[in-house]
Amino acid sequence: MRHSSWISCCSDLRNMSKAPDSILRRLKVRRQKQRTILAMRWRCAKGGKEFKELDTFYRAIRPYLCVAQLFGIMPLSNVLSRDPQDVKFRLRSVGMCFTGLFLLLGGIKTVMQANILFRTGLNAKNMSELLLVLGESSSKILVFVFFVAVNLVFLIVGIVNWLNFTGFARSWSKLILPWSSLDILMQFAPYAPSKHSLRSKLRLIGCVVGSLAVVDHLLYYASGYYSYHMHIFHCHTNHSRLSFGSYLEKEFSETFELLPYNMFSVCYGFWLNAAFTFLWNFMDIFIVLTSIGLAQRFRQFADRVLALQGRQVPDTLWYDIRRDHIRLCELASLVDESMSNIVLMSCANNVYVICNQALAIFTKLRHPINYVYFWYSLLFLLARTSLVFMSASKIHDASLLPLRTLYLVPSTHWTEEVQRFVSQLTSEFVGLSGYRLFYLTRKSLFGMMATLVTYELMLLQMDAKSHKAGLPDLCA
Amino acid sequence: MRHSSWISCCSDLRNMSKAPDSILRRLKVRRQKQRTILAMRWRCAKGGKEFKELDTFYRAIRPYLCVAQLFGIMPLSNVLSRDPQDVKFRLRSVGMCFTGLFLLLGGIKTVMQANILFRTGLNAKNMSELLLVLGESSSKILVFVFFVAVNLVFLIVGIVNWLNFTGFARSWSKLILPWSSLDILMQFAPYAPSKHSLRSKLRLIGCVVGSLAVVDHLLYYASGYYSYHMHIFHCHTNHSRLSFGSYLEKEFSETFELLPYNMFSVCYGFWLNAAFTFLWNFMDIFIVLTSIGLAQRFRQFADRVLALQGRQVPDTLWYDIRRDHIRLCELASLVDESMSNIVLMSCANNVYVICNQALAIFTKLRHPINYVYFWYSLLFLLARTSLVFMSASKIHDASLLPLRTLYLVPSTHWTEEVQRFVSQLTSEFVGLSGYRLFYLTRKSLFGMMATLVTYELMLLQMDAKSHKAGLPDLCA
Amino acid sequence: MRHSSWISCCSDLRNMSKAPDSILRRLKVRRQKQRTILAMRWRCAKGGKEFKELDTFYRAIRPYLCVAQLFGIMPLSNVLSRDPQDVKFRLRSVGMCFTGLFLLLGGIKTVMQANILFRTGLNAKNMSELLLVLGESSSKILVFVFFVAVNLVFLIVGIVNWLNFTGFARSWSKLILPWSSLDILMQFAPYAPSKHSLRSKLRLIGCVVGSLAVVDHLLYYASGYYSYHMHIFHCHTNHSRLSFGSYLEKEFSETFELLPYNMFSVCYGFWLNAAFTFLWNFMDIFIVLTSIGLAQRFRQFADRVLALQGRQVPDTLWYDIRRDHIRLCELASLVDESMSNIVLMSCANNVYVICNQALAIFTKLRHPINYVYFWYSLLFLLARTSLVFMSASKIHDASLLPLRTLYLVPSTHWTEEVQRFVSQLTSEFVGLSGYRLFYLTRKSLFGMMATLVTYELMLLQMDAKSHKAGLPDLCA
Amino acid sequence: MRHSSWISCCSDLRNMSKAPDSILRRLKVRRQKQRTILAMRWRCAKGGKEFKELDTFYRAIRPYLCVAQLFGIMPLSNVLSRDPQDVKFRLRSVGMCFTGLFLLLGGIKTVMQANILFRTGLNAKNMSELLLVLGESSSKILVFVFFVAVNLVFLIVGIVNWLNFTGFARSWSKLILPWSSLDILMQFAPYAPSKHSLRSKLRLIGCVVGSLAVVDHLLYYASGYYSYHMHIFHCHTNHSRLSFGSYLEKEFSETFELLPYNMFSVCYGFWLNAAFTFLWNFMDIFIVLTSIGLAQRFRQFADRVLALQGRQVPDTLWYDIRRDHIRLCELASLVDESMSNIVLMSCANNVYVICNQALAIFTKLRHPINYVYFWYSLLFLLARTSLVFMSASKIHDASLLPLRTLYLVPSTHWTEEVQRFVSQLTSEFVGLSGYRLFYLTRKSLFGMMATLVTYELMLLQMDAKSHKAGLPDLCA
């Protein structure tokens, strides 16, 4: 029996989780388990639809998890299964092998990049010689140091994110089982299905952002190759090095220090680059998708409360509704807790890269394609960051929707239960945060943007003074 | 019958609005429609005053809408009608033609300006030559780049605002019908009329700010012409170019690239310039007028609650009052939602222009008229921005006024209804915002001003170091 | 009869105030008047102590008002009277003559100073020559420009403050009458007198800050004279100009452009200088004293509530207490409203001067006495500003004190009245603000200080780069 | 009898504290005393465990207090006693002698350091010569000025901290007696003991941070000696000065101005240096340990409330629980009040040092050991500061834990007591603060870090422009 195994899995979960001593977690886990089991039993008794066809969050997010496996992100076993209880983190699995492989290869790349950085000399003794070579314009050095540092930070952040996602994968089954049971609960009356299924929404968002990311990645190569091509064409007599292959040899130079130049190693270079880029985008997209999933449930919940408007509602029903709300809030806080490090890393990284791009905003670029790439990637990054904040802020907005219905409950039906419900709705913050150091709200987004603009204005002042010289000679 | 068409329009509205699935909107629209119809029926049955003579917000704002039509802003058909239900957005109307014309001509101007910018070379290869021509003072280049960029941004913002207002015009009838019905409701007992009519208030504010704006615009030409005159007089032997006409030829140079120089094209140049300036001022004035209109209703509402002080109020009356409050809040949130993009654009633009002016504050100007124009326009801008924030913050202040009366309700009359009213008053924020990224409050104004002052102080530091040289030669 | 005139004055007040239409003010004024009359009547019926000997705020602040008259600040007639109802603002009074005189003389001084500023050439054409004279160090020019600007701003702020205080004097009787009646009310049971009388507290604070201010003023002359003396001694052969008189001639140079040099005009110079300095200090001290006066009443109120702890309190008593609390809150908000412009001006001015001093913190000074004066005045200013914020924040702290007693009320005595009291205590902000743009709280103080420190650190960075040169030659 | 003396001590406390007139303090002290006595009596009557073996905060913190005595911090007599009532502040005690000695010796060192600073000439006349000697790079001067100033500030802060801790020692017995009685209360049912004893937690944290601090201190000497060694080796022919002793002679040069060079004076130098470093670390560790102690009690309290979930709880029990909560909150606010100056000093100092380190982050260092020391000490400092904020924020988090249990109380058991409990939990802020100017929360930490990063980015901009020159000649 499939369903009995589901229940036994929940029981396992119950036994398993006796260890944690923190009251908060114990409290949560206990109640979540009870609810999971009860809900499941009730559904099974009723028969009804096969839950694999229901519009659950797991079903909607599964394709993304499958793709992530290819890049060693979130190593879960049985990720192809349509039953969330099959999907677990196992230390000895294909996914973990992939992850280990990526960590190893990414680690090697990082070490080599760090080696270059220290060899060329940030903070090193030959800084002065370097400066003589580069010319005296200090802003150019700044840009150079930043460029190398950005590359290194990008790689290190990638490694940390792989580890973060592996950690998240470990707590995945603890998260997806309560979520799925809530999802199932909210597929049936009294909850009305939403007009657009969660699955279609997630697919739309994922595809749009994904395609934009692919374009961004392709533009990166196009911009790099064009610059390389023009440089060779104008400054070298040896035009045999004009080919795309030669460009790749330079682009993946650290790869070719270890591997011979052939088809395989070129693919390897592409693949590793793509993996880091994918990871960076996946991080943001994953937060967006999770936020949409949560917000959808809160909106459905509000819909249910709205349906009660103008009707005489007994206290027991209010209590049931309130309990469902507590469940939703607990799910939200569980998600917040599990994803805090991913959110923190994502925001920190995005802000860092935006700051860097902002720094380079007045750098003179040589070719139109460089401009296109620079502005496309800056705007894409800003849009993605805003999307993360706006999606996450919608969870909180949706959680406040029932309030308006409750205000209209007439005095004759205004009981203690309703009052408690109102105070519950207003007292707690529901949403995602980065270890509660900051919350993903519209206000935070505004604060971040305001700071960025101020910073940019400052840079403008300073840069204007050191940009007297035109573009340096192409072949210098 | 006029009134029946009003009711049928409301029914249309009811049928029309089945599409939107967002619960929040559905909830709002439904209740608003019911109320609109009920209120109208009740009034019609009672006979009474013709509502076109009532002191409604529509009647007060209508003259401004009419003037706006001349510049293609907020294209509404039948804007001359005194009945709000006649005024609708129609895609095929004279207003839309005007808007289209302005968008086209404004677009051409913007493209030509952008062309100039890229030709003279921000971010372009001949930047270095430009710098040699302009001399080595970096701050001068800064000012130049800023001047060109400001012009372009001003034009682009103008285009965006035309589109924003067109979008707002589309939702105008959804906004003005509930507002008018609320306005009508609050013209009769138990609501007392306010001492100064809304119409006279709006007329006063509009005239004052409008005249100041006209003076600002005239000073712009005066300052420009005087500079041009002195330049020609001192540096050129050909004194035939001293006339105002020659100045205009230079001022509207991008116009004369396409059109021959004649009376018509000069008028066209003036008219287009005026349209952009009008739009910029209209945006701020419109927010101010709307805020005053909303705040007035909240103050009337508070007056009604105050009148109950010391009297024994039955629960049913409290419930009626509370429902009226919910209506007001819903109107406020509807206005907030519809105007968010206008508010956001207005604030962003004002802050941007203030920052720019602040940057130029230590630039040495040549003629007294330049000083007069510079300081007049800076102070006018600061005053206008503060007015926007202060007016909007008065909505929230007014919404809290009933609280003081409620605190004095004696214990014997303190019922659940009163308590709910108190908690309703304290829990929600009522006011305007820019997509809820920020709210138009006194606190925001203070924060903005503090940031500007800090920025200005920084500039002071930096500028002091590059202002060693005096005024460059007039004829250089 | 004295007391009947008091009551009639209140009736006058009642009739007088029918004009203002703002609901907020009407509401306040009406209730305040009722209370004033009731309280007075009750006291008079009881006979009891002569209220002139009571520890009222008016009695405590009166000496300061008397001193202020000498400098034309807060022109009130009959300020020597011990009865607050005698003290009114009259347009034709000795106080107003003084104020007018100061405004006139201060105005002349300001105009002459502005004249100097424009003649020497901030923003003027001979800026470049000035810079050649002063040498090329840009930071020196910065300091010079700042020095002149500071002087001018100091004078303009002084003029504005005189006008502000005159405006405040006009609303003084509207403020002091309700306050005095509350003061009288709180002199008797059930309110316990506080250990230290308000009068002694205010005297202590006033004397301490006053003496420090006098020292500051004397140091200003000492520092100036010493610098002058050393300059003449080392650089001029004409040692006849070493006297203090010659120094004064230079110090008050703008006075001696209009007046001949004699004993009278020297005194006039001293007196005008002293008046501006006094005004600046008085502004801060006045806010501090008012805050202490308000906080004292709130603390007494909390004491009364504390005395009820553990006793069975009937609802009617809670209602009386709550009404007294509303009165206190209304007094506080009346004070806040009347003093908003003074608070705003005081904070803006203090922050401006601190920023300026901070700018000069790394300027090399020549003589030890210059150091002593610079650091003494900076620290005094910081301490005074902190004192303003800390005193004002104590009003809010004191207003929250009853909360702790209320939490301990046992369930059996927990009625709706107590609950309303609790919610009233927690919902409103009580304290002083600058037009509600910012509140005088500890948090604001911290924010201000943090911003100043950040600004200072920035200056440090920049200044370090332009301070290569040592002290310029003494006689240059 | 031991216990009777405990009780009599509490009575003494009662009589002793009649003086303070502040209502807040009186209120607190009274209730705390009552509780102390009651709790003690009840325990004594029950007999039971000897309280010296209980897991009290006093027992856990005692080892740290003992160590602190060695450095003259927190001079308490009988600190070796295991009974908290024996430990009191006495003006004539061995501890005070130590403190006096440290203050004297530290004062001498500070004066001498200040002497050096003024002699070498910050703000002094020979600044220009100094600059000539050092070369023209302004950033080097900056670093030099900062280095000397940092040293002096470090010493002055040390002196202030000794005085702060002495002040804290004076109020220690007023703090530890109520705390201990609460601790004892929470050792028995209905409170469950926590899994890890407070003692082991504090020992772990203390040891880890302590060891890291020792490593930091050793690295300081290692880095200093290595630099000295290389300098002598390369630049001097007199290689007899290569020894560690010669390094110490330079390091403790101000010591050897007063004392002859021998074993004793070297030890003295080490000891004084260690004392200042210990004090700096102790300050942070002490805040962390106190926070953990408080948070533990709040968590235990939440555990008790959780245990009541699903059971029928009478109102009297809720009242008892609520009273315990008030006690805990009062203890927390007592701790906050006593430690405010320590918290303020710790944060101000940490931020100052971090800013300084950030300033030096792009300084080129000569030897690898210098890099190791620099980065180790910066990261250690950042980690310690974050630990302070995170630990303190856990108090507030723990205080909110019971809320989730209370939301699940069914309607039938929802009484006024429970409602008051909820409103009590949500209304007050529980935690540590720096004179309530700022609170130790995650949000503050985030704000601080964000400001630091912004500052760092600014520095980066500026530094890049003055770092053109390489490392100066080693022997210059």
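Lettered A, B, C and D in written order, each chain numbered from 1.
Here is the rule we go by: contacts are C-beta pairs under 8 Å (C-beta built on N, C-alpha and C of every residue); 3 or more make two chains touch, one makes a residue touch a chain.
The chain lineup, named per UniProt: A, B, C, D = Gustatory receptor for sugar taste 61a isoform X1.
What you see is a predicted model, and the numbers here were worked out from it, not measured in a lab.
Chemist: Hey, what angle do you get rotating chain C onto chain D on C-alpha, to the nearest 5 degrees?
Modeler: 90
Chemist: Relative to chain A, which chain has the most distant C-alpha mean position?
Modeler: Ranked by distance of C-alpha centres from chain A, the top chain is C.
Chemist: What whole-Å value do you get for the distance between chain A and chain B if each is reduced to the mean of its CA atoms?
Modeler: Averaging C-alpha atoms per chain gives centres 37 Å apart.
Chemist: If you average the CA atoms of chain A and of chain C, how many Å lie between those two points?
Modeler: Here chain A and chain C have centroids separated by 53 Å.
Chemist: In chain C, what residues contact two or more other chains?
Modeler: Within chain C, the residues that touch at least two other chains are 458, 462.
Chemist: Are the chains arranged, by touching, as a line, ring, star, complete graph, or other?
Modeler: ring
Chemist: Judged by the touch rule stated earlier, which pairs of chains are there in contact?
Modeler: A-B, A-D, B-C, C-D
Chemist: Across the complex, what residues on chain A touch chain D?
Modeler: Per the touch definition, chain A meets chain D at residues 21, 23-24, 27, 123, 125, 127-129, 131, 136, 138-139, 141-142, 145, 315, 319, 323, 326, 355, 415-417, 420, 423-424, 427, 435-438, 451, 455, 458-459, 462, 466.
Chemist: Residue numbers of chain B touching chain C in their complex, please.
Modeler: Residues in contact with chain C: 194-196, 299, 302-303, 306, 362, 364-365, 371, 401, 403-405, 407-408, 410-411, 414, 422, 426, 442-443, 445-446, 449-450, 454, 457-458, 460-462, 464-465, 467-471.
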